[in-house]
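The same subunit A turns up in both complexes below, where it pairs with subunit B and then with subunit C.
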Partner chain A sequence: MKEYSLDISVTPPKEYESYFVPVPKEFLEDAYRSDDFVVFTGPQHGGSGHMRLIIRVKGDFIVEVIPDPGYVHRSMEKLAENRLYIQNIPLFERPSIIDFGNYNLGYVRAIEDALDIEVPERARYLRTILAELGRIGTHLYDAGILAVFLGHTTGFMWPFALREYIVEIFTRITGTRITGSFVVPGGVRRDVDEKTLDMIKRMLNALEFRIKKFERVFIRNPTTIARLKGVGTLTKEEAVDYGVVGPFLRACGVEYDVRVVEPYEAYDEIDWDVVIGEDGDGYTRFLVRVEEVGQSINMIRQLVDNLPEGDVLSDSIISFNRKDIRGSFFEAYADIVLPEGEYTTLTEAARGTLLYSVISDGESTVPYRVRIVTPGWMYLKGFMEACKGHRLADLQAIYGSFGYFPPEADR
Partner chain B sequence: MDEMIEFLHDGPLSPIKKWGTKWSIWPTHLVTACCGVELAHAFASGYDGERLGVLNFGMARQTNCIVVEGAITRKMARILKMTYEQMPDPKFVIVMGVCGIKGGLFWNGYHMVKPFEVVPVKYFAPGCPPTPESLLRCFRALQDEIVTGEAKNTIAYPKIRRKKEEKRKKPKKIPPTPKYVALNPSVVVDVPRDRKWDYGTEYRGKIAEILGELAERVTVTGIYRIHVRVRLENFVEAARKLRDSGFDHVKSVNIIDIPKNRKFIVEYQVSSYLRPEFVRLILTIFTEIDREEASFPSLIDVWPSADYLERELHDLFGVWFEGNPWMGKPFLLAPDTPKNPLRKDFRLQEEVYIGGEKK
Partner chain C sequence: MAEASLIFILLERILSIFTDELINIPLINPAVEMLLKIPFLNVIVAFILWKPIFHVLILPGLIGMTLVLLFIIYFERKITARVQWRVGPKEVSRRTGGVIQALADGMRYLFQEVIVHRDANAFYFLQFPLISFLPVLLPLLFIPAGGTYGIRTIYTIPAALALISLIPVFIVAMGWASNSKFAYIGSVREAFMYFAYEIPFLLAVVAMIVLYQTSDPFEIVAKQWIPGAVMNPVAFLVFFITVLIATSRLPFDIPEADQEVAFGPYVEYSGIIFGLVMMLPYEKLYLLSMISVILFFGGWNGPEIAILGDLAPVIYLYIKTIVFMCVVSLARSIYARYRLDQSLRLGWGVVFSMSMIALIISVGWMAWLRL
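Here is the complex of A and B:
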């Protein structure tokens, strides 16, 4: 089809200025001239957490997507510079509170690395259990949000009902539903009793049984397959170039999992497989995460069965009560000072690689600078590129298949 | 027109209108922050908010209620106001989470706004995050208010008369704040720590071989962590060499502000997905740039994954990444945010320890 350029003067609508649209005026004018449309999606849309996508479409094919993130930018990196090392633990789980185990773990491991704290075995197992429970919870959460994006209300209700199990376990272990802050330097806050461990095992059976049903309702549903298959494909090279992380990278066929590459906590003591996809499309990205839920269930079973006896707090942190930190927090942690230098940890959070870089000046009781790169922020580029060339109606499916969670990305 | 509205509100049929409003509070889908997780639980099958006629609805123009979930940023405040104005009457706002009351965990953040300064709020559900029950109780209170017209607290604490304490204990002495921030420290990022890593020297040799003359200093700073100091003029070339030898993606871009030496340290943390020997290694190449005229060559041609990280740091520090197409435009921050908030000379409000004495 031949294209004609129209040499007419076009003025962007008045709202352009008052709405603080981040794209330049020339972009809009250029789009008008070449007979494209610029469509604004969000920030108020059906997903979880909010961002704006500025989409340039030709017909209804997406030519370019410009992200406008920052609607949930809560200035965490700056706040961290004003708080004690220990006060930052609850702060740093706020990017993704459903996945608090992994978020605590990354930051706490940076401190432990700097101070050479040896963590007791039981604590390492408990941390891994928390991290994996968080992973299951997050994947279920994302499945629910994906279902909302596809307009599949039943698919939303199921995973959130399943999440109630996870949340219940979190309540038993940590005392709160989703913001645990349970991992502290040198171990975990307190011990977990036999009754809870027993309950975890029974919960896993119930969860597994219901996930099979959920598979029939939503995962293998022809509607889901039709909406996701072949949509938002990233090749292996593209995924590596754009720095995609986590399950979305593995869906493209790259064998990279921090838990294998750099085993932390108890990951090298249990049997499990890395889930790798091939196609790199939306459905594979979803399936990889579904498979990971199965792997996590398997892992938690092993961890609970082999949970070693002993203390849950390190000797160097607290000497008189190594089963429970309550009441000794100030004493144990208030004056932590890291030696000078930079400490970087990688953690495999549910949505991908989470990087903490703690920089200390060696004198202050607060970090000099903390850099957090959350998985959501890293795969945003890949997500934007995956949308190109697809129809506007597929945008929601791609958004959902990435499980993009703005609070996590914006920090 | 006014008579009609009056008739609607107070006429003989007004109970029907009230009844209709009561059981159809559709909050608009404006999930503003992390409390949205509990909101989703409140409307899913576990708590089933729909039995109260409450379920998130996509469009603001057909809803009566906004649930503000927690933190409102400067950027979001504008959207909140717009969404609020789009809603038809009557309008209700429920605020979830402590961030919406006094700021909560983020009370002194540079990008935060209190929602009650933006829109009139009916009910608050405190908690971080509040449980679904407490959110649903807000809705119950709102429904009662629609019918009866008076707002009530949902919790009434019993009044306990305090007995006179006979022996007054000595007031507990609160320790002074342990917070100590060094004034103008000098920061070194590549402190050598190679005592625990057996292959440290081997890897250091490999990196030195790849970079050759370009590397000023190669330091092992931890297990599988290597810092390379590179001169600014060699930075792009060094990056290209690393890229060609298998470091195919950026894990993080970081800037550290050191006002004492009037410089920024710019760090690129790179690693490899495809070359097995470097998969575990995190290589940090860094250089120092002048703080006043902060400009740096962008590496998006070498590593496209650095694009959004550079844009973000341009927002936060004001460093100009030469070659990145988004320079000079806000990306993450709202236009009315203070400029370059992560520089050290931008200070946040300090907290006060009540009872604690200063050191």
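Here is the complex of A and C:
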């Protein structure tokens, strides 16, 4: 393509001075002097989420994307320093409330590590069921967001309707649709009855049937494939360099899953495969998550079938009612003090590796410091790099294929 | 005294012009005859029932179009909701299942503030949505509906298409007058898409004109003892795809992609002006559907209904048009959006080649029929 440059002096608009824009002034002036065009997308935009993307385009091609995250920052780590250990459980599921199982699990395991609590078998299985249900729910949610970014409204409505099954099961198990806070140190809040387990199995059948329909209308849709195939490709090396995590790393061909590398809870007692992609493009990233939904369904079936009998709370936490924590919360948890030291856990949340690091001074009932690294923050860099060189219209497709979730990244 | 009689003579003259081409509907004839005996009122009644005015103002013109727009928006939302496991609009007038939802939305737009932002060129910004009704209403003068017609020439189809082709110009101008980044990107996309679909679209129409050997709709409809869509299916396919592109329906919802450029050229509009510009693609769809029914589905052909007289063909055309629009509106719930370059490739590549094939098929038919 031949370029024709126009020698016209242009001054950057005044709004760049009056608004807070987190890019150097030289960047904007340079873009204005050359043929480039700077587009501000968000935070109030149909395709940006709770963040601003400063996009420099040359013609229709993206030269650079500068993210401006932090619009939903809630200073979770600082808040945690003023709360009891047990009060932090509901706080730390806030980054991604639809995936609360995994978020609870990471934090609670850190406390259990510190206190050396042995978790009963049945509780471990129930925790895994919750984590996997959350994974299915999150992947469906992300598929819906991807679909609406591609303009496919049916692909948006169906996964959200399917997620309603998951949410219904959450209601049966935990009592709330989202933000379950069900995992507590030493087990889970209360036992699950046979009726609920039966319902989970029937729900999985219904879900599987409808996901097949969804596959026909959205996943194998020629327009979807045309929009996602070969778009936003990250090679294996790039993905590792940029620190991409979770299903997006596995889509690039890297076989890394915390559930396999450092198995926790019941993951080493059931049969399942790590889903690996090859191409590392947007469609592979999407397909990996679709496959993971299938794996999770399979896992939950095994877990429900092999659910051992017994208590759901550990002896060392509560001795008189090991089936239900309700009514004994204060007694059991108000005076937890972790021994001095740093306790770190890695968890495979739905969108990737989740790190909790709890630091205790050994004498207070609140943590000295809690560090939480969410997967969203980890793959932001990869997302920005994947956009380069693609068309402006691809920005939303790549965004959707990463399932970037600003509340999770901003914490 | 002489002046008074002069006025009466003039009125008689005017009345005779109208009554010469009065639409003949046996159903309301007794009432019309009674009204025509009343002085002064008879001129008004005759004016409304005069064929060109009836055509442009009532059916299939302005009032008919308004009804279609109100219906098709409701229908589109309802059918999309059915596909998506939802209920769709229901709360406004529950007893009728929310039929007047679009009307309620229009009312809301009417009472909303129209914001003209500081950077906009206010004069053009407000002017273009209003004068964009010109290329919408003028083609209706040319497109006949069997019993009624506005202007009858043998160049009807080219004239109507030329006027419809003006609509994108107004859309691009709206984006320019808005003077905002997303409006600018949307306008550029609209311009690109305009060039991508216009040539195959015109070639498909030309293929049909070659097939019928005329561009006079009366002859075209008379010749369609089998529908044109069967005679030349490739031309119909091209026409259908280009109608989807021309009216910015998914999967070619590119200029006004709300997740990418936030409704593109229309991003800065608000209030009733936004209501007007959002109607524009639907109005275009109505006109193109009418042309497609005339070219491909036998226009106003249908069994005679004695009691409706001249109105029967108009109603046939009207109903066929609505059915065509309903089929087009289904595409929204099935497809995702293509990228600009992909749809340009489609428009200049596959669709363009298909339109050439359609032309060859038409020439083949013509040669075979001549033998």
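Remarks
We adopt the following convention: the second predicted complex is superposed on the first by the 397 of 411 C-alpha atoms of A that agree within 3 Å, B and C clash if a C-alpha of one lies under 4 Å from a C-alpha of the other, contacts with A are read in each partner's own complex, and residues count from 1 in each chain.
What we mean here is this: contacts are C-beta pairs under 8 Å (C-beta built on N, C-alpha and C of every residue); 3 or more make two chains touch, one makes a residue touch a chain.
Owing to the predicted nature of the structure, the values given are computational and were not obtained by experimental measurement.
By the touch criterion defined above, A:193 lies against neither subunit B nor subunit C after alignment on the C-alpha atoms of chain A. Touch criterion met: A:141 reaches subunit B, while subunit C stays clear of it.
Once the two complexes are overlaid on the shared chain, A:78 sits against subunit B while remaining clear of subunit C. In the superposed pair of complexes, A:315 makes contact with neither subunit B nor subunit C. Applying the stated contact rule after C-alpha superposition, one finds that A:45 touches each of subunit B and subunit C. Contacts of A:305 after superposition on the shared chain: neither subunit B nor subunit C is touched. More residues of subunit A are in touch with B than with the other of subunit B and subunit C.
In the superposition on chain A, A:60 makes contact with subunit C only, while subunit B stays out of contact range. In the superposition on chain A, contact of A:177 is made with subunit B only, not with subunit C. In the superposed model, A:161 lies in contact with both subunit B and subunit C.
When both complexes are aligned on chain A by C-alpha atoms, subunit A residues 45-47, 157-158, 161 touch subunit B in the first and subunit C in the second.
Listing the residues of subunit A that touch subunit C in their complex gives 37, 39-40, 45-47, 60, 147-155, 157-158, 161, 217-218, 221, 223-224, 226-227, 391-396. Those residues of subunit A that touch subunit B in the complex are listed here as 19-20, 22, 24, 43-50, 67-79, 82-84, 90-91, 94-98, 113, 141, 144, 156-158, 160-161, 163-164, 167, 177-179, 240-243, 249, 254, 256, 261-262, 330, 334-335, 339-344, 346, 353, 355, 357, 359, 361-366, 368-369, 371, 373, 377-378, 380-381, 407, 410. Only residues 80, 83-86, 181-182, 185, 250-251, 253-254, 257-260, 262, 332-342 of subunit C touch subunit A when the two sit together in their complex. Remark: subunit B residues 28-34, 36-38, 40-41, 44-46, 58, 60, 71, 73, 75-76, 78-79, 82-83, 105-106, 108-112, 128-129, 131, 175, 178-182, 185-191, 193, 221-222, 224-225, 227, 248-252, 254, 256-257, 267, 269, 273-274, 279-280, 282, 284, 303-309, 312, 316, 329-335, 341-342, 346, 348, 350-351 touch subunit A in the complex.
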